[in-house]
Amino acid sequence: MKCPLWLQKEYLRSVIFDDETPAGRRFDIVLTIAIAVSLIILFVESIPALPLWLKISLGALEALLTVVFTIEYLARLYCAESRRGYALSGWGIIDLLAVLPPYLTYFLPGARYMLILRSIRFIRIFRIFRLFSFLNEGEMLLKAIGRSLHKIAVYFLFVLVLVICLGTLMFIIESGEPDSAFKDIGTSIYWAITTLSTVGYGDITPVTTVGRFLSSFIMLLGYTLIAVPGGIVTASFIDTTNDPVRNGRCPRCDAKVRKGDKFCSQCGEKL
Amino acid sequence: MKCPLWLQKEYLRSVIFDDETPAGRRFDIVLTIAIAVSLIILFVESIPALPLWLKISLGALEALLTVVFTIEYLARLYCAESRRGYALSGWGIIDLLAVLPPYLTYFLPGARYMLILRSIRFIRIFRIFRLFSFLNEGEMLLKAIGRSLHKIAVYFLFVLVLVICLGTLMFIIESGEPDSAFKDIGTSIYWAITTLSTVGYGDITPVTTVGRFLSSFIMLLGYTLIAVPGGIVTASFIDTTNDPVRNGRCPRCDAKVRKGDKFCSQCGEKL
Amino acid sequence: MKCPLWLQKEYLRSVIFDDETPAGRRFDIVLTIAIAVSLIILFVESIPALPLWLKISLGALEALLTVVFTIEYLARLYCAESRRGYALSGWGIIDLLAVLPPYLTYFLPGARYMLILRSIRFIRIFRIFRLFSFLNEGEMLLKAIGRSLHKIAVYFLFVLVLVICLGTLMFIIESGEPDSAFKDIGTSIYWAITTLSTVGYGDITPVTTVGRFLSSFIMLLGYTLIAVPGGIVTASFIDTTNDPVRNGRCPRCDAKVRKGDKFCSQCGEKL
Amino acid sequence: MKCPLWLQKEYLRSVIFDDETPAGRRFDIVLTIAIAVSLIILFVESIPALPLWLKISLGALEALLTVVFTIEYLARLYCAESRRGYALSGWGIIDLLAVLPPYLTYFLPGARYMLILRSIRFIRIFRIFRLFSFLNEGEMLLKAIGRSLHKIAVYFLFVLVLVICLGTLMFIIESGEPDSAFKDIGTSIYWAITTLSTVGYGDITPVTTVGRFLSSFIMLLGYTLIAVPGGIVTASFIDTTNDPVRNGRCPRCDAKVRKGDKFCSQCGEKL
């Protein structure tokens, strides 16, 4: 007796793991929708006063999806080239964690921990990226950001030191007031970050004249500093956008390249 | 007997549809003012406690404008090259919708639906653009944005995924507090968008220490990410501003062009 | 009998109107300090519960400064090359307005109007710019902004139309709620500007789910659009910073210039 | 008898002052951790309702750290090449101030002043920078900012003048309202800064129609102006990033340089 098509390992593998065959793409789309539905259930279930019939329907749908995800996980395990390799890989662990939560309900009654476990299912949404041909653009963007990561790290360290200084200073100025919202230095640093990043919730605001002077200074500083990482990324981005060979430099290692070169002679980067 | 000038189709058409003859421009200006006045009436009528005499005057003015717009619509229909073509075109439908609402009052008593219909009149304000010679600049701006649309789409997808992750995480952290403003995951995601975009209303704010730590992280992230689309658009804008021929590349298809070329040999774009 | 030095028109003129002689600079510095002190008095007097002795001292100091400014105005009138020309020039009118308010107290008793008149004195602080050699930098900045003014105007028109649309839409969505803060369309447009510009006061916030969805969209839009004028100005700025002759174009009229040219052959701009 | 190694001046100096030997780096890391712990104690102690046992433990740990810092200060004094030079240098004074506070408790009972003194210990955290090889990036960033400092100063002066004008105007408009939050001109200027910088706390908000119109204008202005310093820094940054020799100009003094030059012939800057 011949094994049915959907049980043959090679065929199953091409559907589940490959995203370039039509069947593989269809499988990815169905899976993405299933994950999105599972997420929406998670969001809706978090609303406190929900009618009973909706609670029960959502629970049933969630149970169904868990069964689907369990079958998918077992199928992946079954047709993976190396079962051990898949089970211990990043995606393998995430797929397992996405399936486990409902089964754990019988052992771990704490609803809080359940929520965390079920949120992990969210990570699977990243499979969505396989569906798009955006990746070239995204890669370019990440490259530009990656190349300026060092500069951004210095900038962040600078902002952090600034915020600790200004928060402490503000605590010294404002904490003397009765009913001050600047209760401790931690809160003051939180306020300084809120202000410097121009978010400005307004739950903590200065009331003394000196405090308002300092706040104004922090605001104008934040107003100016907000542009710096943009400048860094833009400068890097323009470099990435430019034709590397016309610049005469390798985009990865910055070594000189000649006009006809197809690969960098120093680091092998494709030009 | 000769037909009076203002009833001759050709003359009427040149006034109503053409925006380059002096009469056509004057007509456009008067029409734009009429639409603006109609809008201001809409805005003022939305104020709850209005004295009776003002309500009546506004109603009368609105009725007058409706008559004017009706005549205009009929005139457009009368002198259009193809009546059917105009009536079914985008502008034709908008012009009709701008005229209908007051007549519908007798049939549809719901004030809410009236408001929506009357708001449609607003779309006509876009006729204002015909008055300005700005269009070259605007086109250039839109081109620069259009060319970087793919990159911006990737960026938005990234921000969306980020916001869902951070919102869910924040719900797990903050929802345990009594009287927490993070009532459900949807609200938490809304909060995450408010914070990441540095808007910071302050109607929902974290109160736990861990929540404030995470908030600070989101703020600083938003503070850095805010600059990325700017970088993308700027890089594209600089490319658009530069003389394409001096760059030696076609601005549309990026193919190489020679110095004397007036059109791109690949896509026919005028250089 | 010889006229004393400080009454000779030429000497007085060089002190008052010239800002390159040492005496002229010293006069400018003293005048700037006097204006600043006058401003600080204006600010302090606006504080509601002020002790009587401070009120009287500030009043006396203000009276003294008014006498000084009156003498200065008369001196300017006395030594100006054309008295009529100075009196009717922009600075001449501002100088007069800066002097008048205290004298008008006897005729106009309304404190509110007084405040406006006295605020005009503030315009004189712009004389401060004469003290700095910043002007080259500032001129360059203004040039860069000026060259991209058309593009910024298009952008603003676009933002305005957007904000009116979104504000009206938000009013339709939110005004049905009891105790809604979206009282009329004007308030809703004000809210839309607050949100799009990422200011986010939090005095008006959406409470419905649909309203929060639309808000999130506006925030992310504002988050992206915030970068556009920056891109425009930056692109223009880079153009202004670059050596015009190396670009082979005149910075004013964009005509081609040759390498040795000192002036643009088309518009006479110095290169 | 031979002096033990850790008492030999040369060895001690290489450990304490040098950050390139392995022992010196280890010393720096330990010191940085000690300063960070001291800071965390400062933050935690600022929380109002702290259990007694924690207060005592923190006090003991702080006392221990003070002894460590005292020994470190004496060791620095002992092995410095010029004791007087170190004691009077910036770092020397900061190190002394970091050690003094606890000893001063016996003389100055005011807790407020203690807090200020103990905060100074914070400045020592800047030693952290010695641990990183970031400095090249940071230097480049600071250079780019430094080169555009003049332009940023002009921009700030402009923003300041704008904010004073708008704040005064807003006070005139809003102060007539009962229970207005615009209590005096100082508060109004503070509000104008909050709004222009897009922070928007919401503790002070306009309630009149005219006030909201002006606010909207300020927001849109701030929304546009926020990008200007970014443009300035970016333009400067791109200049700094570009290969100076290919630009044909020295990055420091902007003099022309030839292609093979290794140093600027005017200012000696290494190219």
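Details
Note that the chains take the letters A, B, C and D in the order they are written out, and that residue 1 is the start of every chain.
Here, a residue touches a chain if its C-beta (ideal position, glycine included) is under 8 Å from a C-beta of that chain, and two chains touch if they have at least 3 such contacts.
Nothing here was measured: the structure is a model prediction, and the numbers come from that model.
Rotation angle, subunit A onto subunit D, C-alpha superposition: 90 degrees, expressed as a multiple of 5.
Matching A-B against the pairs in A-D, A-C or B-D identifies A-D as its interface repeat (over half of contact pairs the same by residue number).
Ranked by separation of Cα centres from subunit C, the top chain is A. Annotation: 30 Å between the Cα-based centres of subunit B and subunit C. Per-chain CA centroids place subunit B at a distance of 43 Å from subunit D. Shared interface positions of subunit C, defined as residues touching 2 or more other chains, are 186, 189, 198-202, 222, 226-227, 230-231, 234, 238.
Taken as a contact graph, with one node per protein chain and an edge wherever two chains touch, the assembly is complete, since every chain touches every other chain. Within the complex, the subunit B residues that touch subunit D are 198-202, 227, 230, 234. Looking at the complex, you find that subunit B touches subunit C at residues 39, 42-43, 46-48, 112, 115-116, 119, 122, 125-126, 132, 134, 137-138, 140-141, 144-145, 152, 156, 159, 186-187, 189-190, 193-194, 196-203, 222, 226-227, 229-231, 233-234, 237-238, 241. Taken in their complex, subunit D has these residues touching subunit C: 150-151, 153-155, 157-158, 161, 164-165, 168-169, 171-172, 175-176, 183-186, 189, 195, 198-202, 205, 209, 212, 215-216, 219-220, 222-224, 226-228, 230-232, 234-235, 238-239.
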